[in-house]
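We just call them A, B, C, D, E, F and G in the order they show up, numbering each chain from 1.
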Amino acid sequence: MAAKKKPGFEQQLEKLEELVEGLENGDLALEEGVERYREGVDLLKSLNQTLADAEHKVEELTATLRAELKELEQNGDDLDLD
Amino acid sequence: MAAKKKPGFEQQLEKLEELVEGLENGDLALEEGVERYREGVDLLKSLNQTLADAEHKVEELTATLRAELKELEQNGDDLDLD
Amino acid sequence: MAAKKKPGFEQQLEKLEELVEGLENGDLALEEGVERYREGVDLLKSLNQTLADAEHKVEELTATLRAELKELEQNGDDLDLD
Amino acid sequence: MAAKKKPGFEQQLEKLEELVEGLENGDLALEEGVERYREGVDLLKSLNQTLADAEHKVEELTATLRAELKELEQNGDDLDLD
Amino acid sequence: MAAKKKPGFEQQLEKLEELVEGLENGDLALEEGVERYREGVDLLKSLNQTLADAEHKVEELTATLRAELKELEQNGDDLDLD
Amino acid sequence: MAAKKKPGFEQQLEKLEELVEGLENGDLALEEGVERYREGVDLLKSLNQTLADAEHKVEELTATLRAELKELEQNGDDLDLD
Amino acid sequence: MSDRERAPEGRRILNVSGLLEAGRSVLESEIGPVWVEAEVFEYRGPHRGSGHRYFKLRDDNASMSAILWRGVADRALSSELRDGQKVLVRGSFDIYAARGTLSFVLDRVEDRGTGNLAQRFEEMKRKLQMEGLFDPERKLVIPERVHQVVLITGADSAAEADVLHVFQKQPNPVHVLVRHARVQGEGAVPDLLAALKEAASISPDLILLSRGGGSMEDLWAFNEEALVRAVAACEIPIISAVGHEVDFSLCDFAADERAITPTAAAQRIVAPWVEGIEQIQVLGKRLSRCAGQLTLEARSALRHQADLVGVMRRFLREKKARFERGMQSFTAQHPAQRLERQALRLRHAEQRLMAGVEGRLHMGRVRLQRQARGLASASPKTAIGLHKAGLSKASARLNAGNPEGLLNRGYALVKVEGQDGFLRDSKAAPEGTAIHIQLAKGDLRARVE
C-alpha cells in the first residue's frame, strides 16, 4: 500500500548523507545551503516517519509472533509432559 | 484432506528458514526487512495454523467412506455403486 | 518566493569585496566615493537581511528538526525496552 | 538626482586653486581680482555645500550601517544561543 | 556690471602718477597747475571710491562666505560626533 | 574753458613788471606815467584776484585731498586690522 | 592430571580426549564385560570394506550401537544375524574417541531360539523373500510428514489406545482415520484385506497396520500369505507394527517400514511434526530476534546522520564570518577621512583666496596712498605763495613809481573840466573856466577868476 515509487529508507538515507556532505564542503551558496537544509529536514522527517512506521509494523508483527510462539510453547509444554 | 494445493509444511518451513537467515544476514533494506519479517510472521502463523488445524482429529474410516460414497452417488449417477 | 533575479548572497558579497577594493585604491572622486559608500551600505543591508532571513528559515527548520530528533531518540529508547 | 553635468568636487576644487594662484600672482587688475574673488567665493560655497551634502549623506549612511551592525550583533548572539 | 568703458583702477592710478610727476616738475603755469591738481584730486577721489567699492564688495562676499561656512560648520559639528 | 584769450597769470605779471620798469625809468610824461600807473594798478588788482582765486581753489582741493587721504589711511588701517 | 597444576582454584579441567579416556576407564572398571539380552536392529551385514558388522541392539525402550569385529563374527556366527533376531551377547562398552560415540563391542553371540510356528514362519519367509517380496527396492517411501493416516487395528485394542494416545498427547496435524478389523482368529485375514482395500481407496499418506503383542499364534494372521502379499502390493505406504519388539510378522517384512510397537509407529509419524514444531519455535525465536535488529540498524544509521543541525550551524557560521569580514573591511573604508582631506584642501584654498584678495586690495591701497601723498606734496600752494611774494614786490615798485607821489609833496594836478591833459599854461584857462584840481588828498573844483 505504502511506497511504490517512493525511494526506500536506505536511498533516502544516502541522499541525506550526500546532502550533509554537501553542506560540510561549504561550497554551496547560502540560499542553496538553506534549501538543502530544508530538504534534509524533510528527508529526516520522512525517514523518521518511515522508521516509526516500520517499528510500529514490527511491533505489531512481533506481538503476533509472540502470541504464535506462546501457542506453540503451550503445545510444546504438552510435549514435555510425555 | 487439509492442505493439498497450499504449499506443504516442509516448503513453508524451508521458506521460513531462508527468510530468517536472510534477515539474520542483515543486508536488507529496511522496508524489505520489515516485509520479510511480515512474511516470516505470516508463514509462522500459517505453519501454526496447519499444526492446529487437524489436531486430535480422529474419525472412523467407515464413516468417512460412507460420506464419500454418498457424495459420489450424488455427483455421478452413472457410476456403478458396486 | 523572495528573490528570483535578486543576486545571491555570495554574489552580493563579492560585489561588496570589489567595492571595498575600489575604495581602498582611493582614486575616487568625492561624489563617487560617497556613492560607493552608499552602494556598500545598501549591499550590507541587503546581505544582512538575506543572512537574517536564512537564519530565520534555518531556525524554523531546526525547530522542526529538533522535534524529529527528539522523537528519534525517544522512539529508540522505547525500542531498547524490547 | 544630484550632479549630471555639474563638475565634480575635485574639478571645482582645482578650478578654485587655479583661481587662487591667479590672485596670488598679483598681475590682475583690481576689479578682475575682485571678480575672481567673487567667483572663488561662489566656488567655495558650492564646494562647501557639496562637501556638507556628502558629509550628511555619509552620516545618514553611517547611521544606517550602525543600525545594521547592531542588529547583526544581536542576531549573532541569537545564533550563538543555538 | 561695474566698469565697461570706465578706465580701470590701475590705469587711473598711472594717470594719477603721471599727474603727480607733472606737478612735481613744477614748470606749469599757475592755472594749469591748479587744474592738474584738481584733476589729481578728482582721480584720487575716484580711485578711492573704486578701492572702497572693491573692499566693500570683498567684505560682503567674505561675510556671505563666513555665514555660509558657519552654517556648514554647525552641520559639520554633527559629523565630528562620529 | 580756462584761459584762451585771457592772458595767463605769468604773462600779466610780466606786463606788470614791464610797466613798473617803464615807470621807474621816469622818462614818461606825467599823463603817460599816470596812465601806466593806472594800468599797473589794474594789473595788480587782476593778478591779485587771480592768485586769490587759485589759492582758494587749491585750498578747497587740498581739503578734499586731505579728506580722501584720511579716509584712505583709515581704511588702510582697517585693512591692516584684518 | 597435569591439568590440576594449571588449575590453582582446584577446578579439574580436562580436555575432550582426557574426558573420554576417563569415561572409558570408568566404563571398563565399573561395568566391564557383561551379558546382554537384546534384539538386533538396523543390521546391514558385513561392512563392504572392513567386514566388521555395525548395527544396533535394543529393547522396548532403548537402543545402543553395537560392533562385531570381523574376527569375532567369523568365530561366533553360524549365519548372519538379522533384524529382530533375539540374541544373548557378551561384550563391553568402548568409546570411539574421534566422535565421542559410545559402542558396545561384542565378543560372544548366542541365538535365542524359536518354536514350531517359527519353522513355518521361516519357510514362508524364505519363500516370499526369494520372490523378492521383501526387497528394499520395492518399498515405498514414507512421507516425511504425514497428514492423513489410516490406522488399521483391532477395536478397543491396546494398540489403538497406544497409537491414539501418542497422537493425542503430542501436537500434530495428523488426521487419523481408524478402521477397526479383526486381528486374530477366524475371518481376521479377510477383514484385514478389506480394511487395507478400504484404506487404500481414500489415498491417505500412510496406512498403519497395528496390533498389540501376543503369542506367535495370536499374531499368526499377519503371517498369512494373502495378507503379506496384499501389504507388499499396496500402493499406499504402510508401516507395520505388530506385536512387541521381539515379535516379528511377515507383514513387518512386507510393509514399507516396521515399527517395533504401535506406540513406536505412532511416534515415528508424530516425531517429524514435533521436530517441526521445535523448528518453528527456534525459527520464531530467531525471527523475533531479527525484529529488533531490523529497525535498530536503521535507527542508528539515521541517528548517525542526525547532526544536520550542527552541520547547518557550521555552514551558516562560515557564511556569517565571510560576511563579517567583508563588512569589517568595508567599515574600515569609511569616507570620513576622505571627506576630511577634501575639507582640509578646501579650507586651504579658502584661506589662500581670502589672503589673495586682501593682498590685492592692500597693494592697490598702498599705491593709491603713495600717489595721494605725492599729490598732496605737489600741491600748487607753494607756487601760489611764490607768485604772491612776486606780486607784492611788483606792487611796491609800482607804488614807488606812482606819479601821484608829487602831490604828497604839495604839487597839484589841474585839469580843465572836461578836457584831457594837465593845465600847463594859464592861458589855456580863461576866467570862468571850471577847473579840476587834484591834491594829494582829495579834489577841488574851482573857477578861474
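Keep this in mind: a residue touches a chain if its C-beta (ideal position, glycine included) is under 8 Å from a C-beta of that chain, and two chains touch if they have at least 3 such contacts.
Model, not experiment: these values are computed from the prediction.
Trainee: Quick one: which chains contact chain D and chain F both?
Mentor: Both chain D and chain F are touched by E, G, going by the contact rule given at the top.
Trainee: Considering only mean CA positions as chain centres, point out the chain farthest from chain D.
Mentor: The chain farthest from chain D, judged by C-alpha centres, is B.
Trainee: Centre to centre, using CA atoms, which chain is the farthest one from chain A?
Mentor: The chain lying farthest from chain A is F.
Trainee: Using the stated contact rule, I'd like to know whether D-G or B-G comes out ahead in C-beta pair count.
Mentor: Most C-beta pairs in contact, of the two: B-G.
Trainee: Just give me the whole-number Å value for how far the CA centre of chain C lies from that of chain G.
Mentor: Chain centroid spacing, chain C to chain G, equals 32 Å.
Trainee: Per the centroid of Cα atoms for each chain, what is the distance between chain B and chain D, given in Å?
Mentor: The mean C-alpha positions of chain B and chain D differ by 100 Å.
Trainee: For chain C and chain E, what's the span in angstrom between their mean Cα positions?
Mentor: 68
Trainee: Using mean C-alpha positions as chain centres, tell me how far chain A is from chain F in Å, no decimals.
Mentor: Here the centre of chain F sits 136 Å away from the centre of chain A.
Trainee: Send over the residues of chain A in touch with two or more other chains.
Mentor: In chain A, 9, 30, 33, 37, 41, 44, 48, 51, 54-55, 58, 61-62, 65, 68-69, 72, 75 touch at least two other chains.
Trainee: Can you list the chain G residues in contact with two or more other chains?
Mentor: Within chain G, the residues that touch at least two other chains are 171, 277, 280, 284, 287, 291, 294-295, 298-299, 302, 306, 308-309, 312, 316, 319-320, 327, 334-336, 339, 342-343, 350, 357-358, 361, 364-365, 368, 372, 375, 379-380, 384, 387.
Trainee: Dump the list of chain pairs that touch, please.
Mentor: Every pair of chains in contact is listed here: A-B, A-C, A-G, B-G, C-D, C-G, D-E, D-G, E-F, E-G, F-G.
Trainee: Which chain F residues qualify as touching chain E in the complex?
Mentor: Against chain E, the touching part of chain F is residues 2-3, 8-10, 50-51, 54, 57-58, 61, 64-65, 68, 71-72, 75, 79.
Trainee: Show me the residue ranges of chain G that touch chain C in the complex, using the header's touch definition.
Mentor: 291-292, 295-296, 299, 302-303, 306, 308-309, 312, 316, 319-320, 322-323, 326-327, 329-330, 333-335, 338-339, 342
Trainee: Spell out the part of chain E that touches chain G in their complex, as residue ranges.
Mentor: 9, 13, 16-17, 19-20, 23-24, 26, 28, 30, 33-34, 36-37, 40-41, 44, 47-48, 51, 54-55, 58, 62, 65, 69, 76, 79, 82
Trainee: Help me check something: in the complex, which residues belonging to chain B touch chain A?
Mentor: Residues in contact with chain A: 29-32, 34, 37-38, 40-41, 44-45, 48, 51-52.
Trainee: Enumerate the contact residues on chain G facing chain D in the complex.
Mentor: 309, 313, 316-317, 320, 324, 327, 331, 334-336, 339, 342-343, 345-346, 349-350, 352-353, 355-357, 359-361, 363-364
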